[in-house]
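What follows is a short report on a single structure.
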Amino acid sequence: MRPVTHNTKVKVVEAPVGFTGEGFFTTKLSEAIGLARSNSIWPLPFATSCCGIEFMATMAAHYDLARFGSERLSFSPRQCDLIMVMGTISKKMAPVLRQVYLQMAEPRWVMAVGACASSGGIFDTYSVLQGIDQVIPVDVYVPGCPPRPEAIIDGFMRIQDLVRAESIRRRESDQYKELLNSYGIQ
Amino acid sequence: MLSNEYIQKKLVDKFGEAVFQFSEPYGMLTFEADKENNLKVLTFLKEDPELMFTYLNDETVVHYPDAKGKELAVVYLLQNIYAGIRVRFKVYTDIQKPDVFTATSLFETANWLEREAYDFFGVNFVGHPNLIRIMNVEEMDYHPLRKEFPLEDQTRIDKDDDMFGR
Amino acid sequence: MNQKQKQNIQLPEGSLGKQTSTLNLGPTHPATHGVFQNILEMDGERIIDAVPTVGFIHRAFEKIAEHRAYYQITPLTDRLNYCSSPINNMGWHMTVEKLIGANLPKRVDYMRVIIMELARIADHLVCNSVIGVDTGAFSGFIYVFEFRELIYEIFEEVCGSRLTTNIGRIGGFERNFTDIVFQKLDHFLKTFPKAMEEFETLFNRNRIFMERTIGVGGIEAERALNYGFTGPNLRATGIDYDIRTAHPYSSYQDFDFSVPVGTTGDLYDRFLVRNAEIWESVSLIKQALQKMKDLDPSVFHADIPDFYLPEKEDVYTKMEALIYHFKIVMGETDIPVGEVYHSVEGGNGELGFYLISDGGRSPYRLHFRRPCFIYYQAYPEIIKGSMLSDAVITMSSLNLIAGELDA
């Protein structure tokens, strides 16, 4: 039995740029909120096919996704921040995906994992939706068929960058409303 | 001992001219019958105590657009799992009137297999408990696996057909 | 959403006054592994009737196969049962080899056996650990996935990819097994049995697991045969029908293994049958490695120049190799006309390929006999009268893979 060791090399997130003094620290509100949000994203794994199995490998102990703050996978769209669409979305499934997206609360992000979710993949057929950006707006695309767990984690880190850098007024801005209107979402 | 010749002999003894076109591609006995007799042949193969083909492995449809009057072929693959013998049984039907009797009364397996055949090819199985589309969306109005329909979705505007070799 | 719910179920008149409630166990549900929708009629917690809907991931494999050359269909077959994709690949290659009448050297057969049994172990590990997750035991999943990573590393050494492998070619393998592959296989065979014993100690005589799974989700042997069951689900009911012994392929007749069988067909038996099959697969891999020691180590493909691409050095220097390469890639080889049916024992049962060839570059018709599609029809009958939580773990014990069901 090896002796119990404590992890002495704990990695701490960098504090944002700010003005500090005796007992206080000032910074922008968006930076503080971005820091908190980006390190505690709760994903909704919308796994339909083979990319879902690679996601299971990413969640397992070898390539741990929980160390990025997503320890709790939520399967309810009301409680999640990020929807990870993994696998082929067919035309029968597209209304379901749209319904799940509409049920998510702001702020919400979308990650398309795999070639089938990004653009239809190798299935250029009458029954497969050629990319989920036909029905919902997407933030990050992860290519691969299936993408390696390292690639999924890289996509996740890009989402973290987006979350950290987002302005807190973005979701009420006209640009965002125009984007949603182009998909027919009010 | 159950062999292809013995099965063929028993079928010819029982049905005479109603079963025809016996062949053995790659070792599997294949024969045809008219579509009115398909249930009789299947029942005989299933319930005869020597043949015992009680397991329906697969049921599918093939579309031959050039064979006028016999365009759709319903292919049954039966198996005797105790002796390990397989038999293929084909029934042809016209595409203008694609009515074939259903095999769900004999084998429960045939339920969804026939729904899939209806969805893809349009074969109407008479007597099926629930013959509606299974794989495609409900609103689809054509039968996609027939040879005249293309593979790709024709409503796309962003793919350039010249570049993709179509 | 109401339109979707009325798809398959006809609500009778007077449904406002009815005693039962309708629950939509929808396509996106954490416990349905894959996209399956079930509309359940429930009386409190008991299920009275269930109407399943499939086709949410229909990708039209059979139509795509009519437009692709024979060697281009292998990546398609990967995506059928994606937990054990090498088995699908090998099955397809064997179908084409049966069509063209190719004979393979013994070493290629033994290499195929090793790869297929590794894939079977990977598939059963996913199914069993996910049954554990659904009954609440998450740690079995975490322990066992480390060994799936070892299996993935072996696949990566041979073909370059982890999950959707596209492994092998018509006539053999694309490259020989290197020393690293044999080292990784030895490491796997040394470390896996201990972990598998730990996994069995966690579940097999665990009182909570046994109470949860014994007597749940059972089906009788006669009904199972009528519904077309194959694979571990059929063997759990007591019938020992295994394609590897009934219609042997790839030299399985040279091996000494037994087929584990259950008695009642309920969930506990399926779990135990899959565990026993994992042990049989480990023994098969050891036997194959032993048998390969006496054979010529440089053989890794059959001698069929019409279908197996020649070495690149020969293509650049010799004339016949250049011509064969051109003919194979452009689809000018002579492919025999005929129809053939071949089946392999996949992770879920008899995976069959019905191929009709008309001599052209692509098949005229290719039909996959998918075991999941055929035995999922029995699901409403299995769960009738049981409780909702039992229905959920029954679905995960049937090992339904959405890609195979909806191809």
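As written, the chains take the letters A, B and C, and residue 1 is the first residue of each chain.
Note that in this section contacts are C-beta pairs under 8 Å (C-beta built on N, C-alpha and C of every residue); 3 or more make two chains touch, one makes a residue touch a chain.
Quantities reported herein were computed from a predicted structural model and do not represent experimental measurements.
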Original post:
Pick the pair with more C-beta contacts: B-C or A-B?
Top reply: B-C
**OP:** Please name the chain that ends up farthest from chain B once chain centres are defined by their CA atoms averaged.
**Re:** A
Subject >> Cα-centroid distance, chain A relative to chain C, in whole angstrom >> reply: 30
Subject >> Whole-Å separation of chain centres (CA-atom averages), chain B against chain C >> reply: 24
Original post:
When the centre of a chain is set as the mean of its C-alpha atoms, what distance in Å lies between chain A and chain B?
Top reply: 46
**OP:** Going through chain C residue by residue, note those that touch at least 2 other chains and give them in order.
**Re:** 55, 58, 60, 63-64
Original post:
So which bits of chain A are touching at least two other chains?
Top reply: 92, 125-128
Original post:
What residues in chain B touch two or more of the other chains?
Top reply: 135-136, 144, 151
Subject >> Contacting residues of chain C [partner chain B, same complex] >> reply: 7-8, 54-55, 58, 60, 62-64, 66-67, 98-99, 223, 225-228, 239, 241, 246-247, 338-341, 350, 352, 354, 356, 364-365, 367, 369, 373-374, 376-378, 406
Original post:
Which part of chain B faces chain A closely enough to touch in the complex?
Top reply: 135-137, 144, 149-154, 156, 159
Subject >> In the complex with chain A, residue positions of chain C that touch it >> reply: 1, 4, 26-30, 34-35, 55-60, 63-64, 75-76, 79, 82-83, 126, 141-142, 145-146, 148-149, 152, 162-164, 402-403
**OP:** Could you please specify the touching residues of chain A with respect to chain C in the complex?
**Re:** 46, 48-50, 52-54, 56-57, 60-62, 75, 87-88, 90, 92-93, 95-96, 99-100, 122-123, 125-128, 145-146, 148
Original post:
Hey, which residues of chain B end up touching chain C in the complex?
Top reply: 25-26, 28, 30, 54-58, 60, 62-63, 75, 77, 81, 84, 86, 88, 107-109, 111-113, 116, 120, 130, 132-136, 138, 144-145, 151
